[in-house]
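Below is one structure, written out as structure tokens; comments come after it.
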Amino acid sequence: MLKVGIIGAGRIGKVHGESISKYVKNAEIKSIADAYLNDDTREWAKSKGIHEIYTDYKKILEDPEIDAVLICSSTDTHSPISIEAIRAGKHVFCEKPIDHDLSRIKEVINELGKSKVKYQVGFNRRFDHNFMSVKNAVVAGKIGEPRILKITSRDPEAPSIDYVKVSGGMFLDMTIHDFDMVRYLLDSEVEEVYAAGGVLIDKAIGEAGDIDTAIITLKMKNGTLAVIDNSRQSAYGYDQRAEVFGSLGQVAVANDSTSTAVISNGAGVTGEKPLFFFLERYMRAYALEVTEFIDAIVNNTPTPVNAEDGLQAVLIGVAATKSLYENRPVKISEIKF
Amino acid sequence: MLKVGIIGAGRIGKVHGESISKYVKNAEIKSIADAYLNDDTREWAKSKGIHEIYTDYKKILEDPEIDAVLICSSTDTHSPISIEAIRAGKHVFCEKPIDHDLSRIKEVINELGKSKVKYQVGFNRRFDHNFMSVKNAVVAGKIGEPRILKITSRDPEAPSIDYVKVSGGMFLDMTIHDFDMVRYLLDSEVEEVYAAGGVLIDKAIGEAGDIDTAIITLKMKNGTLAVIDNSRQSAYGYDQRAEVFGSLGQVAVANDSTSTAVISNGAGVTGEKPLFFFLERYMRAYALEVTEFIDAIVNNTPTPVNAEDGLQAVLIGVAATKSLYENRPVKISEIKF
Amino acid sequence: MLKVGIIGAGRIGKVHGESISKYVKNAEIKSIADAYLNDDTREWAKSKGIHEIYTDYKKILEDPEIDAVLICSSTDTHSPISIEAIRAGKHVFCEKPIDHDLSRIKEVINELGKSKVKYQVGFNRRFDHNFMSVKNAVVAGKIGEPRILKITSRDPEAPSIDYVKVSGGMFLDMTIHDFDMVRYLLDSEVEEVYAAGGVLIDKAIGEAGDIDTAIITLKMKNGTLAVIDNSRQSAYGYDQRAEVFGSLGQVAVANDSTSTAVISNGAGVTGEKPLFFFLERYMRAYALEVTEFIDAIVNNTPTPVNAEDGLQAVLIGVAATKSLYENRPVKISEIKF
Amino acid sequence: MLKVGIIGAGRIGKVHGESISKYVKNAEIKSIADAYLNDDTREWAKSKGIHEIYTDYKKILEDPEIDAVLICSSTDTHSPISIEAIRAGKHVFCEKPIDHDLSRIKEVINELGKSKVKYQVGFNRRFDHNFMSVKNAVVAGKIGEPRILKITSRDPEAPSIDYVKVSGGMFLDMTIHDFDMVRYLLDSEVEEVYAAGGVLIDKAIGEAGDIDTAIITLKMKNGTLAVIDNSRQSAYGYDQRAEVFGSLGQVAVANDSTSTAVISNGAGVTGEKPLFFFLERYMRAYALEVTEFIDAIVNNTPTPVNAEDGLQAVLIGVAATKSLYENRPVKISEIKF
């Protein structure tokens, strides 16, 4: 029975905690730490049978019984806590992104080089049943050689302006998932990126130095073309689709909804909206990613999403941001760190 | 160039006239006859280059240049004019039903036995692209041996009470198309029919001696089961679907609409309603059925829907009506005429 | 914390056990009993932390700490164990059907009249997200007054001939779920039933005295018509659909599949098959039904599916069986017990 | 009755001829001219009742009875014949593109400035029922302010290498339709274009100096972003889709197919492929565009697609080509002519 500590018991920390207690046979949550502990979190922990509740995450790292930690605290703490945890010999599951600063991600990777711990980054969409179906179809050769990948990724509602200011920009905060998806689905690295973006939803987002709408084109090293379209607000909910078009055909996935119910009446033929947001859409994916993290530890196999994957997605995001502001295609090799 | 006369230039007569002038190379409309000729019809005829316009259909039958007639007049005139036309040596396309009275249909068939003219009944749905796809899949063996056929057939709006009174009842007026479709899709005769029906839309329909909603179960001679559900009124328009389920799978067809447009918004994901009614849905089928009628004459091949088909559909309708009122399954062999 | 015993730890007993341990906060499995205990079941129980494992269910009924039992043993034991459990003051969740013999169901209901225990019957489909969407749309008035209900219910593969012989016949074994669904969706009782059936899949089923394919028409007390089509074998998997057509429109639900992936290639545009069978399709429904059972106990509210519901579904099944063999519509009021 | 001459009686010239004879009441084809007249074309003309058949198009322009000409000859002849026809006082319907050379299109526009003839360019997709539905939804405000437009446009099979060499490049030959669609659907001009492309289908296309796969991003003057993805070859047929995403929702259109038939079997749930290519998909659009051209003449109203529209689409194509080869976003205002 692996003993796990959760560092940062906010929304996503609790999601992982629930997943482990429900679905993961060979692990249990021993302790949680949250700098902003509140009664709700204490209550939640008790209901899960977690009795070690700290404000200081170091308590978890110092506990010799702890095998692994889940780093779910604020983004700026991801890389320093990662390094501390690795040094403490704990396996690490770290929420994305590892850091906005590429050199600090590099330090995490360097630290991993000196250690034997497992490290996984929280690119949950790789564990989504729909995107896995796309991947499986591509790998099975059902569409032949990929030529064009299209990803649509739109949030139902924009984050707060306060969050926007510390988010690292839309490409590092939101599109980063899509950048990882491009690498995952095409099994190739990005060579060059061109980003067109604008502020079409809320001027305040622009005033905070960010954009809210974008189209990003990526040229892959293997010649495939990819395109991502993003919006921070979608009237019909979370829109998460992908299509891979290849020499023998295309595989596409649509959104999920609560049921297959369709009402036909004088107004038309109406099905349900997509599931509202990431917690609804990716609940099963969150469960699967932590299950696979624990499995990688137990079986001593590579984690399915490693620190290098975490680095690459940020790297593409940095290049995309540069492209946006310089209004030109940017080669990944231009980004130095 | 075959010369054709149209007897009864109402809505459906004009549809066939348009089809011949647009799509049928080797035929032209020479004359029309309508007992209730009005200015619109005269105008329409002129615009099509038809200059022989009569109130008396006998003028058409007496014209030695006429090769074929389309009988599109009221139902009660179908069988007598059919017999006169056959005797006059004219090929006949007759709208459904040939007659509500089975013995009079028998007379038409007898008359055809003494003649060499072609005779086709207007079961237009056999020429619909969707139902033909179902038929083709079944014939090609794609679903194996058929086990269950389901037909949904619902009109957008009920006919006038005046029409209901002379319609012969819903089964002979509306369901007759579905009865023909059952025989066409399953390539087997009906052995027994059970009809459950009610008045759920408009009491006036009940007072006129008819029903407006029904479920009809049919046992086929080859053992397959079929079920039809009917409604005289559908809030979302004309609902015309079929599914054949067999040992290797199922083939199903849905409705057509004006476009594939789907609008996603806060209310859901909404596609268009089905095409409104038979003129919209079956326009291409109407064109194809008269084209095939003319082709059968020109090539001296059997017509695709013959008088026996016309008889069988009415026979099933009579048995269904008997079943409804006696509330028991009725064998087709019970119906004597 | 309610303490629950499982009587009959076969496939469905284990499903309920898993559900309670994963999803039901205020209940735990204390003991299981299975007349045919094997090592797999012992292992499974241990993995769930269940340490009281019996071959004799009476051990569970005699345990004063047990609050509720789940009766998941063979059908012939449902009603006698129900009565014993009620007398022992245990709340009962009983798999369907309560009994094939109506008078024995009546005895269970009589026993309940003398007791205060909760009793729920395992009509799991009422808890399916798709069928609940249909129910919600109907209750919310979105389709107006219901006129026609259509249910398609087809199993992927026929049961063994040994099972067929003790199943009580297809209507009491398989269609019983659909009969309950008719009552649930239309909120009305059945007045009359007509069943047409045949042996189209496997002669051995016929030799065992049963049928494998059927169409059942039901007239409801409120005038609505319903139709069910059943098959014991479907090449494309479990087919579980329903449509309610009403004065203002229609609500329909389709099957679920593993993902929304669609592959377009030279062969067409291909989506996934439906989920294979009941364990896949109804997993979430099974979890919800036991959750609601426990909630009904804790909150002292009526169970969502009671013994009367269990009686009615069998009653319709008995009438349908009579209809099939007498080849005539049978009124529910004809069935005496 | 307008008298029309067809210049260039190849595939598309005959399509327009058929449309006029079938659907356009107030026009007739009086003459055709084709520099490469063959027996098939002569036969076709006779079957349509066209008796004036020339190899020299000047014969048509010199005929004082001719009101309008359809220029369907090779692309290099479009602008010179346009100018001659305008000078001869004939209304002109010209296939796309008017010319690959912007200055020659400018000459056509100048010539039109001195004349009163109507001029329409053959952007047939504006008349497609699906794209019109998108346009109508946008104009009706159903999706609010547009933010992102996505167009997928893929041909089923690549043209011959001989054709590729004289095509003007994929952007002027194929994407030109999509550029026009962007302007049509968004009702705004393009400000800047960025094109990423590659040779992923056939090296010979690359050797002929062209590409076969592309993603083109467009920034509109009103701030909306648009993206087009193109492929010269699609294993599942002609893929012609569009989505407009806006502040209140999204409207999307899918492909059409021959029927709605869906076959469910052990391999999945399979619908039909899209209609094969432009002649199948756009047949109704071709009929509508010439009908509207004739209507514009008869009613003396503006044509729905004018020479300026023809110029803009080529302009975007030239900018896209420049972007591709210089690998940078190109402003439309950079293109001088």
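Think of it as A, B, C and D in the order they're written, each chain with its own count starting at 1.
What we mean here is this: a contact is a pair of C-beta atoms (placed from the backbone, for glycine too) under 8 Å apart; a residue touches a chain by one contact, two chains touch by 3 or more.
For clarity, every value in this text was computed on a predicted model and none was experimentally measured.
Student: Could you work out which chain's C-alpha centre is the most distant one from the centre of chain A?
Tutor: Computed centres place B farthest from chain A.
Student: With respect to inter-chain C-beta contacts, which pair, B-C or A-B, contains the greater number?
Tutor: B-C
Student: Just how far, in Å, is the C-alpha centre of chain C from the one of chain A?
Tutor: Going by mean C-alpha positions, chain A sits 40 Å from chain C.
Student: What whole-Å value do you get for the distance between chain B and chain C if each is reduced to the mean of its CA atoms?
Tutor: Computed value for the inter-centroid distance: 42 Å.
Student: I'd like to verify one number: the distance from the centre of chain A to the centre of chain B, where each centre is the average of its C-alpha atoms, in whole angstrom.
Tutor: 58
Student: Going through chain A residue by residue, note those that touch at least 2 other chains and give them in order.
Tutor: Where chain A meets two or more other chains at a single residue, that happens at 235-236, 248-250, 263-266, 272.
Student: Quick one: label the inter-chain contact graph as line, ring, star, complete or other.
Tutor: Chain contacts: complete, every pair touches.
Student: Residue numbers of chain C touching chain B in their complex, please.
Tutor: The touching residues are 144-145, 147-148, 150, 152, 154, 194, 196-198, 200-201, 213-215, 217, 219, 223-227, 229, 231, 233-236, 239, 245, 247-250, 327-329.
Student: Would you pull the chain B residues touching chain A in the complex into a rising list?
Tutor: Going through chain B, the ones touching chain A are 235-236, 257, 264-273.
Student: What part of chain C is in contact with chain A in the complex they form?
Tutor: Where chain C meets chain A, its residues are 22-23, 25, 47, 129-130, 132-134, 137, 142-143, 248-256, 258-266, 272.
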